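Presented sequentially are two complexes of chain A, the first with chain B as partner and the second with chain C.
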Partner chain A sequence: MLDFFTEFPEISRSDIRDIKTSIDNAFRSFSRNYGESIENFFDPLLWFLIWIEKLLLNTPWPIIILIIALLCYLGARNWKLPLASALTFTFIGYLGMWEDTMSTIALISVATIICILIGMPLGIWMSRSDRVQKILNPILDVMQTIPIFVYLLPVLMLLGIGKVPGLIAICVYAMPPIIRLTNLGIRLVDKDILEASNAFGANYKQRLLEIQIPLALPNIFAGINQTIMMALAMVVIASMIGVRGLGIPVLQAIQNQYLALGLMNGLAIVALAIIFDRALQSYGRRLQKHNVGNKK
Partner chain B sequence: MKNLFISQFIYCLFFFFLLNKAVASDCEFQMADMNWPSATLIANVDKFILEEGFGCKVELIPGATTATFVIMNEKGRPQVAPELWINSVAEPLQKAMQEGRLFSASDGPITDLGEGWWVTPDTLKRNPQFRTVLDILERPDLFPAKEDPTKGEFIGCPAGWGCQLSNQSLFIAFEMEKKGWILVDPGSKAGLDASMSKAAQRGENWFGYYWSPTSLIGKYNMKLMDFGVPFAGAENWDSCISKGPEICINPKASAWTESIVKTIVTPEVRDMSKVMKYFSKRTFPAEVMNNMLVYMEDNQAQGIDGAITFLERYSELWINWLPKEIVQKVKKAL
Partner chain C sequence: MTNIIISIKNLYKIFGDNPKNMMQYLLEGITKQDLLDQHNHVLGLNNINLDIKSKHIHVIMGLSGSGKSTLIRHVNRLIEPTSGKIIVDGKNMLEMSDDELREFRRFKASMVFQKFALLPHHTVIKNVAYGLLIQGVKKAEVYERSQKWIDKVSLNGYENSYPYQLSGGMQQRVGLARAMATDAGILLMDEAFSSLDPLIRSSMQKILLDLQKELNKTIIFITHDLNEALRIGDQISILRDGEIIQTGSPEDILLGPKDKYISNFIKDINRGRMLKVSSIMRKNTSIKAPKILDNISIEDAIPILASASEGLAAVVNKNGNIIGKVSLDSAISALSSKK
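So, the complex of A and B:
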């Protein structure tokens, strides 16, 4: 009797084994039956990724640096950021990390685009319905906290190692901030303004596109910033499942304690994050310029 | 307080018996229980057979390659390391053996072990003409890379592992790029495992680096390919192939270097002739070992569970290791 209190009444070893094997077997037959079609489903994404990567790799490097500087200029409309980013990229290339950096940029841009394309509508949907928010919130918590390899393992068994599983891992981890902050931003829009728009007879679409989203932009851009940062933080994890890029040398450095190699590639990831972020943020600030005058 | 007295009393009693027994059986020692599955299995099989069959007293203590080697060499205990991978401690071991501090009791506790290039059984079934790695290298089209289907995909070793450099050198030495192959870095052991398991489960073609004895090799019955060229000398391997393409400019195509595993004992155990005879005969064929590893993983079996299952399942194997009267004793104990 005392046993009951000292020893936790746990399920027997053979039972737990049966449960585990039946789950594993179910997944295995699922993978055998549907794995190939799921792989085919993701193929367009893979081709898109490869296309961008090849484009970046095959374009002469001065042109890439020019384009990056130009994009930074279009975003920021000053000369500091384009100059800094051009210098950074020249330096990265000089240190022999050009190809890895291009691979990483390709991956991160696609990941960020996917996160925004899926995350923003979800965030908007979440802001319109409390029930959706109640359902989505715990899912987002899971996405951000679940140990990566727990869901990556089944993904790998379905899709094999490579870019697409890497992209999925990145998006699962990096998408929650944009969803949460879009939702938050729209919910924080002043009720009086919405009432006023109703009074002027604005329809649903006008209210969303011309009032709520523009007013929520500071939060949305904070979300995009977080998404980019988290995506870049996942570059090393993505490399653990065979994605080329700056993560591979980092892994190599960690295994062998190559301090300099790790630091160089790690800092290149940081530099990418900062450039991406600054360009987008200054673009966002310009979008919101009309607000600045209205504030207090 | 009372407990302390009792434990002291038991301790004294125990000590008394120990002394007696040491005189009586003259066969008592510690054995390293290494921290990977195949070594645990061997240690537990040894313990069971030596205790039940030979009346020895064997204590298993946890171990790891370098740590165990160092204390065996310095302190003379544990007295036995049943599965010691020599490559990482080659030089000091040689010295210790010359000076008579350590001895090899078995030069091959497991057969056919080591690293190399593997394919799935389905690959071989569909392509019986594949005899060696050289045959496979002619057919990159059968192993299309996901990201560039015009190329063949060879899965190498995870970034940062020692074998990554060796694979890179061999990739150059076999002129694989010219033959239409790309070397894929799986990034981690999890990546390598997943890549191989996925292909094996779906019956797809897969060509890559792995090692044995491992449960995955046993689980999917992976096939080790002969390189089709001989081992091109230790110098080529040690000072070129294993250093990677940055240092190794002109690697010579070569079979993978042999991994040497031995059972190492101290002089104390070397003088126990029956035990030494057992060690010298006790050899696990790779297939048996891999199957046992699959069993242990599937059932999450501890070392001792694995050992008993092994003794039950493979009695035709281990009866050859032992004199008849001892076989009877072990069988009775099962």
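So, the complex of A and C:
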């Protein structure tokens, strides 16, 4: 009788072993049967990623720096950020990290594009229906909190080591903010303005494209920004499953206790993060300039 | 003859989880309070019957919570009724499909809002153009027509400003121009001038009345301000607790308030300025006395009457024909609301 209180009434060892092996076997046979077709499904993604990476690597470095400075200028409309980013990139190249940095930029760009292409429609869908929101919210919570290796494992079993599983891992982790903030931004649009648009007979498409998305843009931008930051944070983990970039040297540094190497590549990731962040944020602020004084 | 363009019949609106089921209690005669206490539903509109004449300004006046904003939103079905009929231009609004309803909102009825509800991310001209763009009018024509309305509400020079850069009165002029620009025959104005300060409000009333002289739209105007109602309304309906207690011309209401609630309301009204000479005139076509026009206010007539011999004046219509007489005594007694 006392045993009941001191020993937890567990499932028997053989039962749990059976459950585990049956799940494992089921997934193994699934991946044997469908692994290749799933891999083929992701092929266009792989080509796209490789194409961007090659484009960045084959373009002469001064042109890349010029383009980055120009993009920064378009975002921030001042000379400080383009100058700082040009200097940073020159320094990164000087320290021998140019190729890894280009690979990382290619990876982050593709990941961000995927997150936007999938995340924004999901966010819009979520904003239309409370039921969808109720279903998606816990899923997004899981995506953000589940330890990365846990979902990396089935992806690896299906697709093996390579760029695509890395990309998927990054997207799973980095997509929730853009979904959440698109949803939030659309839901926060002033009800009075929506009512006015209804009263003038706007249909759903007119309301979405003319009113909801433009007014939600500051939030959507914050979401894109977060997504990029989270994708950068995943670079080192992605390198563990064979994705090239700044993560690889960091990984080597961890394994071999190379302090300087780790620090240099780590700081290069930080520099990328800061440049992306500042450029996007100031662009987002400029989008908001019409809303001054209309804050509630 | 004036014809009825909007007809609302036995309209009920109940707010709550299960409004349809509450209708039977209501028809059995439950009070608003009991409906709330026993069934947790709020009675928004209670058996509204209202006929609105074409090309008139019909004011619906009530204090906050009386249901006036709910009522006006039934006309273009921004709010669905619990029960009743809304007939606009011979068509039952409640039988319209979504597409028909959108067409109705695009071409037949436009709206002006208490909080302006302008699009903050668009310039003044794009705001005015909004209804036309939704209608699908060609770009070049849109901006030409929008510009015309911007000129009419004297906002020229501000075409490329953003709403936040304008004062409240100017923002509402944008709202008015936006609603007028669609050329809809019906204009719904939900407390359109209530959030403006008194001077701006009265100048907006003047803009509206001037535009109305030229355009002859059917306007439903919601307000909580009786002075505003009396000034601009051809007809006034007074709404209390979701019920209409009196409908009539401004003079009907000032001279014959239906119950104590309304008498209390009109107590502080400057009757001399609101009442016209025609409302106290006695019929007489042969009197010889100083002439006054029938549509001037009693306030303006009193000095003339006081200086006339015997305190009498002949009332003439705008063609100059004598139609009646007024005495100083009747003018003075009309100033008091006590009988």
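As a convention for this text, the second predicted complex is superposed on the first by the 292 of 296 C-alpha atoms of A that agree within 3 Å, B and C clash if a C-alpha of one lies under 4 Å from a C-alpha of the other, contacts with A are read in each partner's own complex, and residues count from 1 in each chain.
Definition applied: a residue touches a chain if its C-beta (ideal position, glycine included) is under 8 Å from a C-beta of that chain, and two chains touch if they have at least 3 such contacts.
Quick caveat, the model's predicted, so the values are computed rather than measured.
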Fit-or-clash call for chain B and chain C when the two complexes are aligned on chain A: fit
Touching partner for A:I248 - first (chain B), second (chain C), both, neither: first
Partner chain(s) touched by A:T21 [first = chain B, second = chain C, both, neither]: first
Touched partner set for A:I38, first chain B, second chain C, both or neither: neither
Touching partner for A:I274 - first (chain B), second (chain C), both, neither: neither
Which of chain B and chain C A:G162 touches, first, second, both or neither: first
Contacts of A:I118 with chain B and chain C, given as first, second, both or neither: neither
Of chain C and chain B, partner touching more chain A residues: B
Touched partner set for A:F149, first chain B, second chain C, both or neither: first
Which of chain B and chain C A:N198 touches, first, second, both or neither: second
First (chain B), second (chain C), both or neither touched by A:I211: second
Where chain B and chain C come nearest after superposition, their Cα distance in Å: 46
Set intersection of chain A contacts, chain C complex versus chain B complex: none
Chain B residues touching chain A - in the complex, by the definition given at the top: 146-148, 158-161, 164, 184-188, 190-191, 194-195, 197-199, 201-202, 298-300
Footprint of chain C on chain A - complex, ascending: 190, 192-193, 195-203, 206, 210-211, 214-215, 290-294
Contacting residues of chain A [partner chain B, same complex]: 13, 17, 21, 28, 31-32, 35-36, 46, 50, 149, 152-153, 156-158, 160-163, 239-244, 247-249, 251-256
Complex contact set, residues of chain C against chain A: 76, 78, 101-107, 110-111, 113, 115, 117-122, 130-131, 134-135, 162-164, 178, 182, 188
